[in-house]
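Chain IDs A, B, C, D and E follow the sequence of writing; residue 1 opens each chain.
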Amino acid sequence: MLIGRVVGSVVSTRKDEKLEGRKLLIVQVHNHENKPVDQYVVAVDSVQAGPGDMVLYATGSSARQTEITEGRPIDAVIMAIVDSWDLGGANVYEKWA
Amino acid sequence: MLIGRVVGSVVSTRKDEKLEGRKLLIVQVHNHENKPVDQYVVAVDSVQAGPGDMVLYATGSSARQTEITEGRPIDAVIMAIVDSWDLGGANVYEKWA
Amino acid sequence: MLIGRVVGSVVSTRKDEKLEGRKLLIVQVHNHENKPVDQYVVAVDSVQAGPGDMVLYATGSSARQTEITEGRPIDAVIMAIVDSWDLGGANVYEKWA
Amino acid sequence: MLIGRVVGSVVSTRKDEKLEGRKLLIVQVHNHENKPVDQYVVAVDSVQAGPGDMVLYATGSSARQTEITEGRPIDAVIMAIVDSWDLGGANVYEKWA
Amino acid sequence: MLIGRVVGSVVSTRKDEKLEGRKLLIVQVHNHENKPVDQYVVAVDSVQAGPGDMVLYATGSSARQTEITEGRPIDAVIMAIVDSWDLGGANVYEKWA
């Protein structure tokens, strides 16, 4: 998994029917020191993430192991909202700070 | 998933029989700010995308989760046509603008 | 899928028995403008591709969706020989030109 | 698999229920000469790894082949703690040195 | 698949039980012109490869399609020892030269 920030969302009317009702969020990838890197992904939300949330996303077939994504043409899923993380014992990010 | 623009198509006569009738489109990948990046993919179309359309594509085994691609040697599928997307509340792309 | 050109082949005697009789071709990846890029792959041939042919190859589990590769430790397959492709309506490559 | 060092951990309360009780560790990837490279991954721990441990992690569907990760939306797993490795007969890393 | 050279091995005592008895080799990736590139992988050996051998390795779920790796948390397998390869009709590598 990688860490990212929800920065936007995608609207699509004409799509595979298995995508019906799935929220498509744009995630800006961050590195482990919480700096944005030059990479993004469009991921389906399975945890009711909102704009600005730091999240974890999984890719590939692992992205289809949630109730919301199973059996669907989805290769990235947000499966956790990050509360905090540390590096070498020092807090890097704290949601409620 | 990543966002891209349909910029061309590939013609192939000699191919695995499971590809018969599948439309092979060339997608130029865009970043989330809608700038083309130095990456492309040839994806099978499952939503009747046309030249110039902004689309979402899925890769890997997830690309085989549509009726059109199931069980076939296809590792990328266009599964949605993008109407619009926003970043930080600001519209980045609008199909009908 | 990506486009590439068949530039060579690999010979191996000691290999997993499931590779017996599978032709291992070296594919130089090209970009969508038909320029070779700094990337190659060794792919199993499923369409009787020959030296110099422009081909499409699929990777990952999708590479195991042909009769020739099913259930085998193969992560890349040539599943189509490219006749031609276009970008923005202009022909980029034409096999029979 | 790649080699990495456990440098931190991620806390998440709101997450897919299948992640309940899974420890999320931040792994800084190292190259084979034991230099950290500009890449990290958040992986689920299956071997009780601790801070500073050098580990091996597997990605993709292979990350779901442990008891702890099976059937879950997890695309990276720590499946071994590294004791030592050598290059060209010379020891590069030795845990107990 | 990619071509690489076996340059070392990894020792691990504490690991997922499904890795028991599997040999973990460090493979330095080479390009198709036989130059080492800045990439390595730790792969399980399925063909009794030894130090210095040029090998082919497969990744992802395809790495689990050998008897030695099936159902295990392994995302890279050495599935062939390379005898030779050619580019444009010219020999690039010959094991027995």
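Heads up, the rule we're going with is that a contact is a pair of C-beta atoms (placed from the backbone, for glycine too) under 8 Å apart; a residue touches a chain by one contact, two chains touch by 3 or more.
In this text the structure is predicted, and so the values were computed from the model without any measurement.
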Item to check | Angle (degrees, nearest 5) of the CA superposition of subunit B onto subunit C | outcome: 70
Item to check | Separation of mean Cα positions, subunit E and subunit A [Å, integer] | outcome: 33
Next on the checklist: What's the distance between the Cα centroids of subunit C and subunit E, rounded to whole Å?
Outcome noted: 20
Item to check | Sequence positions of subunit B contacting 2 or more other chains | outcome: 59-61, 63
Next on the checklist: If contacts are counted as defined earlier, which sequence of chains do you get going round the ring from subunit A via subunit B?
Outcome noted: A, B, C, E, D
Checklist entry - Which residues of subunit E touch subunit C in their complex? => result 1-3, 31-32, 46-48, 56, 58-66, 69, 77, 79-89, 92
Checklist outcome for this item: The subunit C residues in contact with subunit E across the complex are 7-16, 18-19, 24, 26, 28, 38, 40-43, 51, 60-61, 63-64, 71-76
